[in-house]
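Paired with subunit B in one complex and with subunit C in the other, subunit A is shared by the two complexes that follow.
For the complex of A and B:
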């Protein structure tokens, strides 16, 4: 573990060296991420020009959920950026290089794709959430910050579990699967309250690809929506379960892996 | 000369055809997005019969066709130009006896034909199986939609060429290209029809070419813009096509003098 942390700081400094050598592009990437987040907010804003409520949700409640939704995803994508895992590690055979080194392979793959600047999205999300909370005049209890940290960690673990498992699918099939972008698009369903969708989608977002646990269910606790509390309390459980599933699939895949043969 | 470009279009079409399996997942991704907005709009309308002059049925048509139009006009030539500038390949390209930007435009057209036949049309049929929405009822409405869509394709390609050429000045351009893609999706009306925007935004957008990419053709398809108005809208698109040639020519002239070949 200590070794991984030491490696982390080395990778971090390398990351900033490469990024800052193209400074203009680094900043335009930051700006474009911000544009991406603000666009989704713009959609919410535009819609609420025409209606007062979306199901039973008001504008600021939806904005609050969206703010929460941004934070775990941003924290997760600081450490997880191997969207091209199949292409880079399996097809091009980089996995063989990873396996010859005396550090946990999953940790190595994570380290090679860290993107610390993604943390800015988490800050933006936090600001959006707090602003919405003020608009809603939400009460804050002494335990809220602790619950918040616990729920955020749980949501991050759900992302980590789901996407590690998806990446590990590449161990079983050498060909390009294109699953990850599909899952990413389904994940975006999670930024809105799940009750706007039909029952089948709601079921999928709760139990199969649990992206309702990275948005609505945890935020419902702070919005004091008692009817969702059961799901809020399930969030840490789902986090642990899905994280373990991710690790198990990854380890199974690693055992199965035999090199691309080039 | 025309033969050269016809050949370029053909080659790009065949290249895309060889990788068509990659686009099957693309169809599913578009279906996922259309599905999300279909349910979202259903909840937004709730018991309103019309919002911003559109019925829910028209909105459903609009959402489906806006994404499927995007499946056709979308291309990555801005990224390709960026890559070729960054890797220094552009130097070789510019030594060749053709116009670099016209080549890129021809490749975009080859890709567009592929996307139309293997992405947009099967996608539209697939979506229609799951979601019920009306197709245009007359041949003229179909014709006007397709003409308008083609104009939208040309305008989108022109904007991509502009963004791509900017790499000549910035060296690396991925951030800007990504941001541009987002902005075009919003301002072209893929995510929400322009008629939903607040009044001030609508009047600003009236002076920009983005809504000519997707909003106009999709409104024709959804039956919100009727035949007489449609011709007017297509005329606006044609004007934009002509106008956009000016900045492209100007920037391209500057870019050639500015070129720094990286690597090699």
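For the complex of A and C:
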């Protein structure tokens, strides 16, 4: 573990060296990410020009949830960028190289795809959240920052678990699968309060692909919506459970890979 | 003993796709699998400091064998013990003691310079800084990489990149080096440089080197010992010289004579020696015979005729390999 953390700083510095050598690219990426986030926010604004409330939720409450939702996803994408896992590691065979190096394979794949510039969108999310909190005149208790950190970590673990499991599917089927983009679309349902959806989608977003735990459920705690507190408290549990599921599927996949080869 | 392989076996289940759309539809529900024995009962051992080649046609099981030896694949049956470790069981510990070059794939970072790649690899293998730098300096000098060390890898030529690949695989000073097709597509000069480097490495560091190759000159330049695989089985394990003896074709000698000579004249001198005599032109005669007859033939012809030039043509390993492949494998393995 210690070595992985040391390697993280090494890969990080290499990342910046490479990125900075393509300066124009670096800035244009930054700007386009920012524009993308603002567009999504503008969409929420447009909806609320036509309605005052979505179910019981006011505009600023939804903006608050949206702000929260951005943070774990951004943090998660700093460490996890293997959207092209199948293409790069299975089809092109880079997995063989990973396996000939003395570091945990999953850690290596993460290290090779780190993208620290994604952290900006976490900052954006945080600013949006704080701004919404002021608009809502939310009270902040002394323990809130600690709870916040705990919930964010839990949400990141949910993402990590779900997407690691999905990447590991490539070990079982070497053809390209369209699962990841589909899941990504479903994930975006998590940025709105789940009670605006019907029961089936709610159930899925809570228990199957628990993306309600990366947006609404944790945010509800700070919005002081007592009816959701049970779910808020479940967030760390779900985080651990899904992270473990991800690891188990990954390890099964790795075993399959070593057993069958290509 | 460096490498010990006992009854190694690897079986793959390969999905057989049916043809056509209806076939594809049926595949959804009921798949046909074919069992393929990629490696079948391989047994051999290698001493420390040996350089040896694993050769065989495409699909003979070389890559699968290498993948099992490097810990990427688990064997279906059989045992592997290398450096006292079982590769697939203690993978992370084991790979610290080996270096691997897959000729077709890169282990360098495309956007980084070789120097940065080496630095990163040193961290991956947790190499001691001062030791590591000293060792790397030697690699850089011996592989002559100074001039392109700070260019991004994507801008290097194939020959430059290959030298970097080899250096990268040696960054942690492994005891055992696997080279899978290391010289594919390289020009003669680079090939020579790489071979010279490997020979030197083997001599000074006693690094054990396992090579798979299609290039017979690699084997001739580097390896005494050769293992030949065919259809997953080992069909030859021994010295290159023995291989030549067993599958080598006849030695061919060309004599340029000072006077006109016919094949009959030559025949007369040689008596009933089993030998094929052909005539290129009136003063050039070609003889083909078993290699062990060479001294006798030479001395006999030299004393009987006035000879202006002699050319002895040994069978190349290339020819031997072709001979092995063209022989049906049953016959060969019984031989």
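The rule we apply is simple: the second predicted complex is superposed on the first by the 257 of 262 C-alpha atoms of A that agree within 3 Å, B and C clash if a C-alpha of one lies under 4 Å from a C-alpha of the other, contacts with A are read in each partner's own complex, and residues count from 1 in each chain.
Keep in mind that, in the parts below, a contact is a pair of C-beta atoms (placed from the backbone, for glycine too) under 8 Å apart; a residue touches a chain by one contact, two chains touch by 3 or more.
These numbers come from a predicted model, not from an experiment.
Within the superposed three-chain model, A:199 lies out of touch with both subunit B and subunit C [touch as defined at top]. More subunit A residues lie in contact with B than with the other chain of the pair subunit B and subunit C. In the superposition on chain A, contact of A:101 is made with subunit C only, not with subunit B. Of the two partner chains, subunit C is the only one touched by A:7; subunit B is not. Looking at the shared chain after the overlay, A:36 reaches subunit B, while subunit C stays out of its contact range. Legend: residue contacts after superposition of the two complexes on their common chain; A:17 is shown touching subunit C, with no touch to subunit B. Applying the stated contact rule after C-alpha superposition, one finds that A:139 touches neither subunit B nor subunit C. For the contact definition in use here, the subunit B contact set and the subunit C contact set of subunit A share no residue. Against subunit A, the residues of subunit C that register as touching in their complex are 10, 12-13, 64, 67, 70-74, 88, 91-93, 95-96, 98, 100, 102, 105, 107, 109, 111-112, 116, 120, 123-126.
By the touch criterion given at the top, residues 3, 6-7, 10-11, 14, 17-18, 21, 92-94, 96-97, 99-104, 258-261 of subunit A touch subunit C in their complex. The touching residues of subunit B, counted against subunit A in their complex, run 22, 24-26, 28-29, 32-33, 35-36, 39-40, 42-44, 46, 48, 51-52, 170-176, 178-179, 182-183, 185-186, 191-192, 196-198.
On the subunit A side of its complex with subunit B, the touching residues are 22, 24-32, 35-36, 39, 42-43, 46-47, 49-51, 53-55, 176-179, 181-182, 185-186, 188-189, 192, 196-198, 201.
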